[in-house]
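The structures considered in this document are given below.
Okay, so subunit A shows up in both of these, paired with subunit B first and subunit C after.
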Partner chain A sequence: MEQTRPFYDFCIPFNKDDKVMRALLNELVELGYKTIAIDQSFDHSRKEAGKRGSEMFPEPHKVEHLRKEFGDKLRILQRITILYVDVNVAHAMSVSLNLRKFNLIAGQPKTDAALTHCCTTFNGDLVTFDPAAGSRLMVNRKAYQVAVRRGMFFEIKYGPAIADSNNRKDMIKVAHNYGIKGKSRNIIFSSGAEHQFQLRGPYDVANLAFIFGLSEDQGKNAVDRHCRQLFLRAESRRLGKTIMFVKGGGPIVFSDSSDDNQGDSQDDEMEGCPKEEELDEESDGANGENNEEEENKPANKRLKTA
Partner chain B sequence: MSQYHNFDIKLKLRDPDNVVLTPALFRNCLLDAMESFFCEDKPVLEIVKFCALQQRIIFRVPEEFYEMTRISIPLIGHYQQNPCHFEVLETSKTMLDFEKVGENDITSCF
Partner chain C sequence: MVRIKNRYIAVQIVPYAPTKVLYLNDNTLTKCLLRNIEKYYGVYGLGMIEQGFRVKYINERTKIAIIRCMHAGHRFVSSILPLITLIGDVRAKFRTLYIGATIIQCNKFIIKHQKKFLDREMGQLTSAKERQDLFKRVMEFDMDR
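Coming up: the complex of A and B.
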């Protein structure tokens, strides 16, 4: 099982300047984050015409030196945010090999149709939005519910809310829309911080839940549990079919008489159910309708199958 | 039972040398942020302890303003047009104090 430790910040925009990157990561360590994702954006709507059909997504930036440097202090993941306007992105994503190199895939729709697609069929893990574009796009109830059922998460970035009060208003509007349309389920908080002064500690971030219309628990989950769930979902999408090894805590008992054990286990299962003979005796006195009703009871059905 | 809530705050400034850190300016910064965010009357904010050297402040607000203050602090991004980060180290209903510092530091704090 992939191990990750709380707290999480799944949106640290990539910066070419190593100095800035290091300052950001040092601040994250200081604030108590343990798992972060370095984000790079890709605008699918601005793709080159000649590249259609071939690999169009970029390779992840090289961050091995940062991984080595921060070692056990910080687990660094890589994320791509795909900005798109139409559903053609789905085909491009299905044939891309580079996408598999990213730990997380986020979709940033630019139109209403793209937003609905992002919630219902997008093969990613996260729905995000552009804070600079304002609260133009509002998710509808049905799309939100479908997204939650598919295990997708919605991201709220607090960094832009610190930098600019207009962004803050839009962010609150979007967050409240999530609350109205889907009770703020499957929400994660991330920073989207350009520099280290836009980062805040996990407890401060959890406290921002109040202004974003989330409950106290939802606020805590948005920086911890939901992020873990998102990570596991992303891993399962990336790796496809997997084998799971379950380690037992207690002693392992080997037995040759597997048949006997099976019989025993069946008996155990039936402990709570009345025996067939008893049931027959009872049913003799009752009328036919009752018989049918009793036969359809789940316990009796189990007896028949046994 | 105390009617006040205490906050222990540490400031992180991008250019600490170019910024004058005084209790009055800090108080104004915090009150302005709260006013701009909640558009309500400014609460009573009393600075209990202040240390320019450590860039730490302990202040208290009436209990009814606790949540408002707690939410406003992380959203402050600038102090005198300088990018900054107000880190909440501790909040409590009881009195707070700075951790033990060197003798030289104590003289500069009040």
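Coming up: the complex of A and C.
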């Protein structure tokens, strides 16, 4: 299983200035977050008509130096937020290679049709809400329940809500709408903070659940367990059906030989090496039998490098 | 046995610009909190929590405060703490450290928290005098309010 540690904050907007970024990340460490995602947004509706290439999504920003710097203290993931108006985005997403380089994919629909699509067929993990556009978009009951069944998550950003009272009203409205339509299931909190002063500690954020109409448990889960589920879901979307994968510390040499004995001995070697073997859960449910399979038939495992 | 249930909220005040000493007393803090509760929850919220609401302890140097309120309305208080950005006339934010049912537990937690802070800071100081000063400053406690 891919290890992540609580608490989570899955929306830190990317900033070109390294100094600002570093200040934000230092504050996050100070507050006790362990897993965060750096967000970059991409407006699909503003594409050029002439460009029909296979690649329309940008490359992820380079954050290797930050990753190295914060190494053990903070796990940095990458996330893309796709703003879109119509369902054409689905095709572009299916052919894109750059999209696979992101850990998380969030959709930010701009119209009602797009919102329904986002909940029912969108190939991402997260539905987010644009604080600047006001609260015209309201999810309906059917779409919300389909989304919950598919394991999609809904995001509530508290950063803008702290800064501006109009925004706060909209956020409360949207959050209560989730409560009315489906008991606030599958909701995560994230910051979306431009400045470190807008960041709050995880317990403070869990307390915010009270004004967003969530119960105490749901509030705690929104910064902890649901984020973990979201991460696992995103990971399984990236890797496909996986029982386990092996992470290599150095170069890995695969042998093509079909001889069973040799195959076994290779397996033993793999275990002897100082490599992390990690079991990837499909999602939150339906993985009990996978665990047993893995123990009974070690020769059956599929090796993947990550 | 029946008794009055209280909640004690231990908070740390984090100013916008890092400063050594915070010029705040318990009165200003109480006023600020009550004003904010009225802003967000109106008269109903104020009525729910005003009885028994008190700032039990505030330390200007370590910037830690303990707020007491009744159990019935304590979520009104804890849920607005993240939304406050102005305390008195200082731009600052709250950071909830601990919510406990007795002040002794709060005290224990704060001492543990301060010890952790000391461990981090002590390494950077060289002279023994400075260390003693820091120790005194961080661990000072007087709960006579």
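As a working rule, the second predicted complex is superposed on the first by the 243 of 306 C-alpha atoms of A that agree within 3 Å, B and C clash if a C-alpha of one lies under 4 Å from a C-alpha of the other, contacts with A are read in each partner's own complex, and residues count from 1 in each chain.
Following the convention adopted for this analysis, a residue touches a chain if its C-beta (ideal position, glycine included) is under 8 Å from a C-beta of that chain, and two chains touch if they have at least 3 such contacts.
Keep in mind the model is a prediction, meaning the values are calculated, not measured.
Subunit B and subunit C, once both complexes are superposed via subunit A, clash. Taking subunit A as the reference, the larger set of touched residues comes from B, when subunit B and subunit C are compared.
In the superposition on chain A, no contact is made by A:2 with either subunit B or subunit C. When the two structures are aligned on the shared chain, A:207 is found in touch with subunit B and with subunit C. Look at A:43: by the touch rule set out above, it reaches neither subunit B nor subunit C. Looking at the shared chain after the overlay, A:168 reaches both subunit B and subunit C. When the two structures are aligned on the shared chain, A:217 is found in touch with neither subunit B nor subunit C.
Of the residues of subunit A, those at positions 31, 158, 161-162, 168, 197, 200-201, 203-205, 207-208, 210-211 touch subunit B in one of the two structures and subunit C in the other.
On the subunit B side of its complex with subunit A, the touching residues are 12, 14, 36, 67, 70-71, 73-77, 83-85, 87-88.
On subunit C, the positions that touch subunit A within their shared complex are 16, 40, 75-76, 78-83, 85, 91, 93-96. By the touch criterion stated above, subunit A contacts subunit B in their complex at residues 31, 158, 161-163, 165, 168, 195-201, 203-205, 207-208, 210-211. Residues 31, 158, 161-162, 168, 197, 200-201, 203-205, 207-211 of subunit A touch subunit C in their complex.
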